[in-house]
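Each chain gets a letter, A, B, C and D, in the order it is written, and its residues are counted from 1.
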Amino acid sequence: MLAYAFRRTLQSFPTVAAVALVVFVLFSVIPGSIATSMSDDGRGAMDAEVVQRMRKELGLDDPVYVRFAKYVGNLAVLDLGTSFRSREPVSQLLAKRMWPTMQLVLAAMGFAIVIGVPLGFVAAMRPGGVIDAVSMVTAVSGLSIAKFWFGLLLMYLFALKLGWFPTFGYGGWWYLVLPAVTLGVSPLALLARTTRAAALEVTNADFVRTARSKGMSEARVVRWHVVRNVAVIVLTTLGLQFGSLMGQAVVVEKLFSWPGIGSLLVDSVFQRDIPAVQGCILLIVLFFLVVNTLVDIACAVIDPRIKYT
Amino acid sequence: MADEAGQSHLGLHLPLNREGRIAEGDPGRDREPRDLTLSRSAARTDPGSGPGQALPLSAGGEGAQSSNAIAQADEAALLEVKDLVVEFQIAGPFLGIGGGTRVLHAVSGVDLTVRAGECLGLVGESGCGKTTVALSILGLVPATRGAITIDGMEIGSRGSIDRRRLARTVQMVFQDPYASLNPRQTVRRTLVDPLRLHGTTNAGEIEDRMADMLRRVGLTGDHADRYPHEFSGGQRQRIGIARALILRPKLVLCDEPVSALDVSIRAQIINLLLELKESLGLSYIMISHDLGVVEHMSDRVAVMYLGRIVETGDWRAIFERPGHPYTRGLIAAIPDVFAPAGVAADKVRGEIPSPFDPPAGCAFHPRCPIAVDQCRAPPGPELRRLGTAHEVSCWRAS
Amino acid sequence: MTLLAVEDLRIDLTAGGISHAAVDSVSFEIARGETFGLVGESGCGKTITALAVMGLLPQPLAIGGGKVRFDGRAIESLDADEMRRLRGKRLAMIFQEPMTALNPLLPVGRQIAEMFILHEGASWRDAERRAVEMLARVRVSAPERRARDYPHQLSGGMRQRVMIAIALACSPDLLIADEPTTALDVTVQSEMVDLMRDLCVANGTAILMISHDLGLVGSMCRTVGVMYAGRLVEVRSSADVFKSAAHPYTRGLVASLPRLGSRAAIGQQRLQEISGVVPSIADFPPGCRFHPRCDRLTDVCRTVAPGVTALAGNGRVRCHHHG
Amino acid sequence: MKLGANILIGGALFLVAVLAGVFAPWIAHTDPVMDANLMVAEEPPSREFWFGTDAQGRDIYSRVLYGARISLTVGIFAQLVNTLIGTALGLSAGYWGGWWDDFVTGLTNLLLAIPSLIFALAIMAILGPGLTSLLIALGLTNWSFTCRLARASALSLKSQGYVQASKVLGYGDLRIMLTQLLPNMLGPLIVIGTLGMGGTILAEAALSFLGLGIRPPYPSWGSMLSEARDQITTAPWLSVFPGLAIFLTVLGLNLLGDGLRDILDPQSRSRRL
């Protein structure tokens, strides 16, 4: 098992390197990107002197390979450069904001799993029943709703009107409720649909028919044979869903002014704070890859076939 | 999710099952229990009693048939396969990082010849390489070593293949009628496109050749504008045969052409194939795991085991005086209501070894009822003469 | 002392409001320890007849009439729990696809051990031990190691042995085998057939063998029932089926296929064909369902479904012009 | 072909959105950008202003109609680009295999590693706001699912008899891909394309909400919601209608996608995507 875990982790390193390269190309190599976005971004052109200082500081005038070498060198020692706006090292900036984002994402995912998976499973046990119809309608609606609009409605109803939760800000668990529910609604919908489809497929599989022919009660058939197989199928799609979750987190954090990496990313983009933007993207991707690797390893624990292929 | 097990890195995706064995023509893997194989019965012991009296096929009866095949022996063979070796490098998991690359020995040194107007039966179980040999002849699978010449054209491991000329020389009929026709194409397009591709432009001629071919396979003109889902399994197989013959090839490879069909219509396709062989002067390689079908259709037979030919010869020699223990095992394995006691001794035991590491010496020794030490030690036996037009690769064959 | 009596069984397939008789007035009996074969092409209803006996008919199918008596008790009247207790203990089944018939996430030993826990209340440890014994009885080499293997690590033949071990774990009275060897190679198939027969004879277990291979069923079973389009058209001893088949369909099947040795005897004769196509359930023809393809067709065949006529050697046939 | 409820409802919703977008100039009451009349700012929905007015006194109803134009243009064209790229890469990778398959698979995994909204956000940051940069950002970052589906289909189809037969008949690779493989994988591709379109519309709304997509004063549902957020206490109705428009359009597309799946590609595993 360990060998597989080690190999799987090893395998995600090239992806990290590739992402770092893409980020470097996006923000430092494309000549136009920095200069143009700085000078004529419609918020009042910056005067030439400030542009010149930034170019100097960014070392835009050095040849590409020099800048890339410096970039990689810094990355190796986790030095993500200094933020234009706050003059702080980016890595420090990120460290402060990492935990709130992790809290939000994990809470949202927890909420989605705790409600979505059982909902999908029960719906599959009685296909065509009331629960099946209701859960599938809520699922497709959950997929179709714009997160920030849903958040806005929740904020209006539960915060402004009922006052149960704060409209925004960061503090105890009650601050976390609305943002987590907002972020969790689409993974919940996806999980419910995935679980339902997986459960339907497994209950019609040949080995479940064999289990029944052994004289097992339906409940035991489900417990001993169906649940684990459904878990494997759901788990494999869980990894991917974390990706879209990270993307949505940016919007939800901005809506609830949640002091996480997402809102930092958006603010940095507006302030043309390139090192901070690069740092945020790299961290988000790293977080996603770590989670994905853990999910794959969890899959390998449950499903013996993965270790052997 | 991990990469597909045994996914080979070559142009063609070979359906490998978990153990890396090529699930080619594997008797039942993709075949629903739709057919009723009658593999062997009373005739073996008391010949004349079969209830139905079949009509004589060729006027000359059995004798004449095989003699003219031998008379053409001196002509250059239509197909010549010399020491064909096909091996696949199967990358380990994670694109070879961490996992070792394993070598799959699909075909390990096969020699074959097919003369004009002859039907060569290729018999063997899953993993023996019979479909890989066929695919190599069609140029769909690159040969690792060895030479294949068809009608003077070289398709060895080197050099590019003149696809167009090859298409006019050798064609193939596939096993599963439900996967051998493009569901989105009418019968007309399936037959007409190849003609246009190969230069027939005159619309009248195209229409005539299509109608003629449909008639030959027992269908009519008004089937032309229908889609595959409107046909039964047997009819689809007929369309597959029509497509294989539309370019007037000399050699047709039939990969288990009847094993996926309902039994009661199997005889229709067997008779059709034999009639077309006569009327169009075709040569066949008939690949099957069903000895009854192979005996009925073949002039010569080659028995394959784990990538090698273990016995080859005239059909009468193979089925009446089988030399190799594996051939005897295949014959003994056919369930028979009146199985004579003697046959039980020939039964073959154990599992088919994996083609990733074939056993040393004679590859059959782990399952052979008469294996001795000599059989276990490399090198394995070579094909040697056992009688007129009868060769066997076994130290102990008599 | 018949173990299983199927009397005039009808199984309906209801699709889109209309229901068709996928299986119609099928009757046969299996005595204790007897081997009975059910042969037929795709869609003839042999598999769903077996599933009806096991009480495992999947949705659109349901028993529409007739009786299935196992050891004297009509199973349709049993409630789910009583039926469930029969399955695995008194009545076992093997399926065709060894690749998918086992749970991919559990070791095979565990899947055999389940039987002892379910039916004999054994402890896990005891059950695992007996599972290894069962593996040895189905002639699996190195049973201790194999018991810990997962299904994807075993070959098709090996997996079918595990299925046999599961089915015979609690030595049931009747083993139903639905195309058990179709997905296997010829040599592996013959070994599997011998294994099944030896174990069942040792336990006195009766076998209901279902297959499309007339030769296989003929060699393994004493009596053979031939089904066509949902009806049992002929029941004979296996020798009689080949020697003197009475029904045109059976006769056609026996004659239409090239049999080993026939070419030496009668030359490369043109095989006798059965014309037409196997009908699907929706369009079973009226009267005798084989009439569109029969060479002895008369008017009565088109309208009147033939009754059962007794034959010598307690055979039976459904045909107006049999013999 | 019995059309399921999904297709009917979904199709109807999507059709309404399309019609609203196409006929916006004729059925809108005012010009969405110019007619700002501070006198009637922040009016609740009334007979005159069906959806009420915003802080600058612009008619929300007209802006929602014009907003449909932008969202659908982005949704349809960006998804078209996604589908084309994904199909081309996936089909060729699945068919040819070898180093090209490894390269495309690597590229897809790389793209999946970067959440698409973040990648789009980064591109928008560089290209600056506007419709064309939106099309580029959302058109180039969402093709990985289509690519994986096309590759999987190509892999499974190419071992089918009719594909091998066309090789043996001398067909060229390109002709085989276009006439034998593509027609037989259209079903699942249309399904994933329809579902993807809903996702792209949501992404555009999100980017515009963040101020990186369509910038005010141009009416995009996302940017309208962004403005509505500031007046949530004083004029809550501002956020209801644009949000509802997004919801109903995307719901329509998702229902349409599910319905098409049941007809075009019933037993597919992509059901779980």
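To be clear about the criterion, a contact is a pair of C-beta atoms (placed from the backbone, for glycine too) under 8 Å apart; a residue touches a chain by one contact, two chains touch by 3 or more.
Because the structure is predicted, anything quoted here is derived from the model rather than measured.
Undergrad: Chains shared as neighbours by chain A and chain B?
TA: Looking at chain B and chain A together, the chains touching each of them are C, D.
Undergrad: Give the chains in contact with both chain C and chain D, ordered by label.
TA: Chains that touch both chain C and chain D, as defined above, are A, B.
Undergrad: A-C versus B-C: which interface comes out with more C-beta contact pairs?
TA: Of A-C and B-C, more C-beta pairs in contact link B-C.
Undergrad: Taking each chain's centre as the mean position of its Cα atoms, how many Å separate chain A from chain C?
TA: 53
Undergrad: How many angstrom between the C-alpha centroids of chain C and chain B?
TA: 30
Undergrad: Compute the distance, rounded to whole Å, between the mean C-alpha positions of chain B and chain D.
TA: 50
Undergrad: So, what's the distance in Å between the C-alpha centres of chain D and chain A?
TA: Whole-Å distance between the two chain centres: 20.
Undergrad: Would you please write down the residue numbers of chain C that are in contact with two or more other chains?
TA: Residues 152-153 of chain C touch two or more partner chains.
Undergrad: Which chain B residues reach two or more other chains?
TA: Only 4 qualify.
Undergrad: Specify, in ascending order, the residues of chain D that touch 2 or more different other chains.
TA: Answer for chain D, listing residues that touch two or more other chains: there are none.
Undergrad: Please give the residue numbers of chain C that touch chain A in the complex, ascending.
TA: 54, 56, 81, 84-89, 92-93, 95, 97, 100-106, 114-115, 118-119, 150, 152-153, 163, 166
Undergrad: Hey, which residues of chain D end up touching chain B in the complex?
TA: These residues of chain D touch chain B: 96-98, 101-102, 155, 158-162, 164-171, 179-180, 183-184.
Undergrad: Inside the complex, what are the residues of chain A that reach chain C?
TA: Answer in residue numbers: 205-207, 209-217, 220, 224-225, 228-229, 232, 302-305, 308.
Undergrad: What does chain B use to touch chain C in their complex?
TA: Its residues touching chain C are 17-19, 26-29, 31-44, 47-58, 61-62, 65, 125-126, 232, 234-235, 262-268, 270-271, 274, 289, 291-293, 295-297, 315-316, 319-320, 329-339, 347-349, 351-352, 367.
Undergrad: Which residues of chain B touch chain D once you look at their complex with the stated criterion?
TA: 4, 9-15, 95, 138, 140, 163-164, 166-167, 170-172, 174-176, 179-185, 193-194, 197-198, 240, 243-244, 247
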